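Two complexes, one shared chain (chain A), two partners (chain B, chain C).
And then the complex of A and B:
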């Protein structure tokens, strides 16, 4: 064999991974120039002091019947995830069909809070609103992940099945048992997400923990807010003790009776929503045969695109790109906190607590808190998104770094970090980050509800004006935008050959 | 892998495919499996077990096509006594009775292979196609297995590495060498030495 080497002395070649990273950082820098990051509150320090005081003096007594609120939050999460997982599982069986794949992609591109806002218009403040708001996007996500798990599994038993074995029998005997553990693990992770979702849904009025959290914050009662947050963390931290596989069936059966009452569902409302409210205004008023109607529709669409969708998309994109890079930087700073390569057991447990708290707190709630402190600009959103997502990726990368084997005389401290660990975990890190890209964008859009002018801001305003046709149009734009990012992220991952097993988080 | 092979197997034949490993026996078997659209049971080299299910369930899979999906699911969750009693004697014959409800993934390689054979025996049918079904068993057990297979199936096609057993149990020997059929003869007239050339370079 002839080995040919290019002997000309050349400058060190930059790897594509580094080039892409630098590109993203450069884009974020440019975005930062146009972004509005200012502190608009008059006295952020005194508010911060009051919050810190609240955090050290948590008050658990404010909400009467807090036990029932917790139970209700769990019930919403449980039913939403159970329906979502069941629907997702059935869809995963036909996931190879193009239309199913597209339908799943579009329902999961819409954040559960948007789903909640849609169902609030249709069903009012009924328990079904909360359950469906979780179940529908989760079905889209579960369908995709279940289908991937079933596809990736090696299924030798399928080949030996007798001819004439029915599809259902083949599924339950030869396919499911092989991937059961993975399905279970993923679904229980989804349930944890469901608890977060159920809590956040309280911010739009559903009677879960979030509702009381919002009230406490709005009243400036930070001790009560701290108490509620602590309850939430305890709920998540103790999940594996009370969420036993044997009890799931019992829980799911009991859950419908624990959702609490609510407004009765009015069929007329649903019909009006589907046939009148969401129809673009020009079509509603004019005749289909009239040319004027269609030119009005054109104007309507153009105005909406130019005045709302486009500015919303620009802000969403700016914020997403900044938050993505900030998340990456955050994760690279945070992962050593839990890595055995850098810290002893005591420091690591402090790191663990910090990361668990940050990744358990929904970014919506984090953003809400920072917004109280600093006022509406992109700053609270960037900090919230990068802390939450940085903690998630930092946790995964930290665990991954523990598996790196080092030579006995390896360097220590910063040299170890820069020369031995980061180069080895960087590919994995980037894979996690690109998986989160779409999630970050979905969250960015939703933060508009808090007053930052992303797409969610325009959707929320349209809903407040009861212009449901505009809201639906903007939600569709948001979903399409999100799917675009998802496709782009997949392209980049494939180009850079980034793969990660745990990336489904 | 295989080239220019034409092969006809008639009902009632007991065919042994012999030859060096890598000669093309497994490939020929999978071609036969795809071409033959009758009622065949398979014993692949990788036993094709579901490791998380019990021996009972893995064997029961041989009868999935006979029952409704609902009955199959019932047995998945709660094995019916009638099915257990149908399967127990098959396991007993192959020395697996004490493993009835053990998970297939926890068995030794030989036990897994026998589980796969039990499944094929329960499935039954016109023919069985087996890829080295007795490669991990001792001589005594091999005979029990080959007896059971020849009793249950009218047509038997097995890839075998043990030439003596092949000569003893089959009616027809097909020798594979370099991806082609190098020998095709009735077993009765052959001696061990006649097959030696298949294993020489």
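And then the complex of A and C:
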């Protein structure tokens, strides 16, 4: 027995993981003080009743040709993800190059919806707008994840290759076969995300499910909205039945013909956008040689930064930090619902359905619904973000908790939860949460389109005024901000030695 | 090797994609759009009916495409993906500024003297008055769409004129409902205490029995201003035939079908020209909605 030389027992040291968690909770509390949280509708219950009634009386007949709408949604997702995965795979081969890494980080820091809004300016409501809006950010994400998968894999085959084997041969004969399963799993997960993205793109006018969903919600036709949402859930839930590996090739070949017609693409519009529209107004109007032009540009930048970018960043950050902690709390509450350690098969399947619905519904749509209910404040956004992301992390942690081995005399119920399972899954949980940080922030910015004064609000306003120069400047600010969070999150994960395989998203 | 198969498939896809997405060479229809200022199913009904009328009268296949925002309508017009548009005053001057040679050709009879209604929830105690009701300061306020004339430009213009400051400084909360139907719904539900709405949409919804006047009522009517108009691109004459603009104008002005007119709702259409909208341009410039 070791006897302490000190007379008093030394205080237990707080682990860095707990310290960091407490730090984040404290920051969120401070943010809450400054946040605008309220229910502004006088009678949220009547609207909620109408929504609930809609949910139990789904109407599938409202949208004429709903079959075609579903096919189009899938086609957009399929082509977007296929191109994104292909591009991402090629980029992953050169991912060790700094500029490639930066380029990938910046394209994935811009949300699909912003990409769509950019391409709408250049290409209009052409199918290519939707395909590129998905493909470009997804290429950036896939490049990073594929590169990590290839790097992390233990590659015995690579070591026994004869010297002088070319890069391409090494890739196909030694590297790929090892990680193929992981690549496939990740890519099919991306396809599910792609379906969500394709749906949300309908909110800005592309002919997918979201187009009709937006109409239904805007008009308060909740039966139609419920019908469309049910179709969407069925689509996601049956994914593994119709998305067979053998059929992927066929689907991808058919998809371009199923996107629906659209406006013809005019090179002139693309050139105009790139060379005129997005050039800051003072530069566009004045001469480069005139000193006045540059002083005007200074004013332009300063005003934009102080009046829009900065307030937008503050709100975005407030909301992100609150939503991050709320997501964490949500996930810790939700994961037992699907964990074998806590519930029987019947209760677990109910839990599964709830989590699937919550994580399949894009935050954007959840926030839209809550906004209708409670009126505009940060509350709808916080609830939407934490439910959606909490369900994703809850699902992952729940599965992870099943693998925890317990002693025969382990406690049960709340004691098991508090003293055994949570401490043992906590590291993994935190890793998942920090992976989602950047995602939550990207979504927070986007929710501005719905009227919450995050960066997206100012971007949407600039687009509404057809001030594309300002919109692009603010999008660039948003991207830079997002990359900053990404870097910070990676630092924290590294310091806490948090690693997770499945948490990438 | 699954990877090679996938890779070759993907390159085939990119080839196909470029083929399938390219522009079709056959005769393109004459396409129009409209700003989404009201419930979309309403707009769809109205403009699909109009497309049939225009196709028949013009002898050219005419199509309506719905868009999700005012800006999208302007962009589609600018990018020549639509050649004709039913714009509001503000979206019209913006579009015509961006597309040299485009012209306002017709407006609704009522659009010569359009009005915005300020509406308030009953719980505010605000009552209808002839002068601008200054007690709305300190309440919550919703505009319509950010790009709307009657729901944004005009109310913001008057708010700034009276209070000499930005709406955000006058009200405790300022929102953008998205469209006029939504503005009415939001003020009626109390989500916002005060709002500004297009008088035509108000009258239309009142007639349709969608407004509970015990909950929401008009507190002020703005002075009249020019609003909605049909705007056409100048280059349509090259694409279809000479005199096409005049032809479209005649067909719009000759619209007599009472159902069609009632769906707008307008008594009739009368000629319009770009210069009619100078006041809108000036107001937008004054409150810096246009640089």
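One rule holds for everything that comes next: the second predicted complex is superposed on the first by the 492 of 505 C-alpha atoms of A that agree within 3 Å, B and C clash if a C-alpha of one lies under 4 Å from a C-alpha of the other, contacts with A are read in each partner's own complex, and residues count from 1 in each chain.
As a working rule, a residue touches a chain if its C-beta (ideal position, glycine included) is under 8 Å from a C-beta of that chain, and two chains touch if they have at least 3 such contacts.
Values in this document were obtained by computation on a predicted structure and should not be read as measured data.
Applying the stated clash criterion after superposition on chain A shows that chain B and chain C can sit side by side.
The vertex angle at chain A, taken between the C-alpha centres of chain B and chain C once both structures are aligned on chain A, is 140 degrees to the nearest 10.
Of the two partner chains, chain C is the only one that A:266 touches; chain B does not reach it. Within the superposed three-chain model, A:83 lies in touch with chain C and out of touch with chain B [touch as defined at top]. When the two complexes are overlaid, the chain among chain B and chain C that reaches more residues of chain A is C.
In the superposed model, A:166 lies in contact with chain B only, and not with chain C. In the superposed pair of complexes, A:174 makes contact with chain B only, with no contact to chain C.
Smallest inter-chain Cα distance, chain B versus chain C, after superposition on the shared chain: 5 Å. Shared interface residues of chain A, touching chain B in one complex and chain C in the other, are 172, 180.
Residues of chain A touching chain C in their complex: 40-43, 46-47, 79, 82-83, 85-86, 120-121, 124-128, 131, 172, 176, 180, 203-205, 211, 214-215, 218-220, 248-249, 252-253, 255-257, 259, 261-266, 269, 281, 375-376, 451, 460-461, 463-467. Of all residues in chain B, those touching chain A in their complex are 39-44, 46-53, 57-58, 60-65, 67-69, 72-73, 76, 116, 119-120, 123, 125. Per the touch definition, chain A reaches chain B in the complex via residues 156-157, 159-166, 168-170, 172-174, 177-178, 180-181. Chain C contributes residues 1-7, 9-10, 12-14, 16-17, 19-24, 28, 31, 39-41, 65, 67-72, 74-76, 78-81, 94, 98, 121, 123, 140, 145-147, 173, 175-176, 178-179, 181-182, 185-186, 189-192, 289-291 to its touches with chain A in the complex.
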